[in-house]
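Here come two complexes built around subunit A, the first alongside subunit B, the second alongside subunit C.
So, the complex of A and B:
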């Protein structure tokens, strides 16, 4: 099982012989067996050289960079090793044909709202007005005429969902609306950071498949991001990220001291990020029994399976049915 | 797709048509699969003194070649029929180039060697198989999912069986 490593301190990441070494500012060297690494997330100020990039490319280790505030900067995405012209062509076909694109866009929103409602149900607020509205709105997804309408419904669902989330978090974290780039309050900062981690996780799974991460269906392709990651992340955010954040603030693992306010821009400090990442990483390792594979699979692997299902759909094998957590 | 058939296409043909189709479209999952890594290591580690990896055309790659034999090294004889077909294909390709050899499959772990030759009957068989392989890979439609007893050991298992729904209606 390969794992992600997260570097917060400053220093140097280097290739030494045939493995990775992390050298901290005070000169302490630590070896990291490269075969066990899937992604490296760099939060600190880290020096790297081309030998390291070449090595990480060869070992198919992805490097994700985050700026001082913990916002995603970009990734070093090693040369594609699984390419299939046919999959790319078919993926594009499903984008170009309105009906086909709409079908997939709706799937993502349906799965997302299913998971939002699931989170609300599990936390016992299914009777609340905003949750009732989500239930009603999600019935309309089916009838949406185009992607824009689908997005519109999704937007409304999300507004009510965030209103509902307020019921589940301590008063000090209450927020009026979703703000991003930059987040304006602590809980928005948490959501942004959690979503970022979800995004890079999806990216690294897509990378292992033949899917092209720039061709997307719900989101418009190439909006400065690998937009297929945004599509798939919709499914997993309410399933993996939001419940985690709710738990963290309720158990007081995350408190106001984990945030910094920079002229109204609120972001998690290093301690806060470490707590969220540790919880997120642990969560992704958790397993559930897969009904079809008949074995335990991690949440992490569920992302990959979603990619497989998408490939099967676009090549005309098995119609896509989005994940709806059954456990 | 003409001329793009390699030894593996032939082998997959007798193992699973679906795997053949997917593989022919570069939708492959072998690289990370345990058994495949084991096979690669076996290939690299065995018969070091012999000439290895000879390309026939763009896609067929012969493991080992010596004076008399074309040789394939395999982990287990579970798929012997498929291995034989693969080897027959190499013999056939060689024959077309005016080279006549015999085939040998080495199951090193089992200390078992299987010899095979390209007689008239075999040649007919392999010609037929090649034609069918082309038919499958040129088809637009993915061959249907069929649950085979060895599906679980296949690198494509997760791909094929990544499905939603609770009951056993996958097959």
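So, the complex of A and C:
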């Protein structure tokens, strides 16, 4: 069972004795079993050298970097170990052909809105006006003529969804609108941070498959990011991240003291990030019984299954049916 | 599964074994490593360790607990090595 480690303290991460060592500022060395590490998330100020990069490349450990405010900077993405020309070619083909791309884009939005409604239903606010609007809007997805329209509907759904979420969180967290780059209030900061963690998790799962993370369908591939992660994350954000955040604020695990405000730019402090990550990590390891596979699979693995389904779709094996949580 | 590995080997090989095991499991005490692993990585770890030792002089004990929930660890005194995901 490989897992992620999160470095918050400052210090040095190095290769020694063919494993990873973390040397803290006060000189305490700790060995980390490299065979058990999947991703390393670096939040603090950490020194690294090329020997470490070579080593983590060899061991296929991804390094994800975040800046001082906890925003995603980038990843060290080791040499692709599973490449398949066929998949890349077919994946591009599905992007280039309008109707094929539209089909996939719609799939992502449909699944996303399904999960948004699911979250609202589970929390007992399905009767609210904004939720009703989402239900109406999600029926329109099928009729969208192109990807821009699909994106438009998705945007509207999201607006109403965030309005509905306001009903579920304590008053101190209510927010008027979704603001990002930078988030302007605590709950926006939470959403941004949760989404960041989701993107990197999806990226590390895509990395294990033959998919090319830069070719996307709903988002434009020219977004200077691994945009396929954004596509797939759409499915998982309302399923994993949002319920988690609602629970955290309602159980008062996250309170106003976990935020810092810098000239209207709000972000989580170290303690807050740790709480969110611990909860997120735990959630990803939770398992549910898979209907078709007839065994328990974790949320981590569900992300990977989504990638496999996408591969099967693009190579023309089985048509893609997006995940719709059945539990 | 949860595995505890203890080793008693010739002085010349102690360092080698220790370094090798560090890459796979968490160090808990002198000559003791433990941690949760799956079958494949565990076999790899075993194979690497067993290629170092001399069967006539050294001994390695593996304690394998199939269900990690069936293990209760009680620590008295100082806890030496722990592995959690935050550093």
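Here are a few things to note about the model shown:
Methods note: the second predicted complex is superposed on the first by the 326 of 327 C-alpha atoms of A that agree within 3 Å, B and C clash if a C-alpha of one lies under 4 Å from a C-alpha of the other, contacts with A are read in each partner's own complex, and residues count from 1 in each chain.
In the analysis below, a residue touches a chain if its C-beta (ideal position, glycine included) is under 8 Å from a C-beta of that chain, and two chains touch if they have at least 3 such contacts.
Remember, it's a predicted structure, so these values are computed and weren't measured experimentally.
By the document's definition of touching, of the two partners only subunit C reaches A:22; subunit B does not.
Legend: residue contacts after superposition of the two complexes on their common chain; A:167 is shown touching neither subunit B nor subunit C. By the touch criterion stated above, A:4 is placed in contact with subunit C alone, subunit B being left untouched. Judged by the touch definition given at the top, the superposed model places A:93 against neither subunit B nor subunit C. Using the contact criterion defined above for the overlaid structures, shared-chain residue A:36 touches subunit C, although it does not reach subunit B. Contact with neither subunit B nor subunit C is seen for A:260 once the two complexes are overlaid on the shared chain. In the superposition on chain A, A:281 contacts subunit C only, with no contact to subunit B.
Against subunit A, the residues of subunit C that register as touching in their complex are 19-20, 22-27, 35-38, 41, 44-45, 81, 83, 85-87. Those residues of subunit A that touch subunit C in the shared complex are 1, 3-9, 17-19, 22, 24, 30-36, 274, 277-278, 281. The touching residues of subunit B, when paired with subunit A in their complex, are 25-28, 31-32, 140-142, 145, 157-159, 161-166, 170.
Per the touch definition, subunit A reaches subunit B in the complex via residues 81-87, 208, 210, 291-293, 304-306, 308-309, 311-312, 315-318, 321-324, 326.
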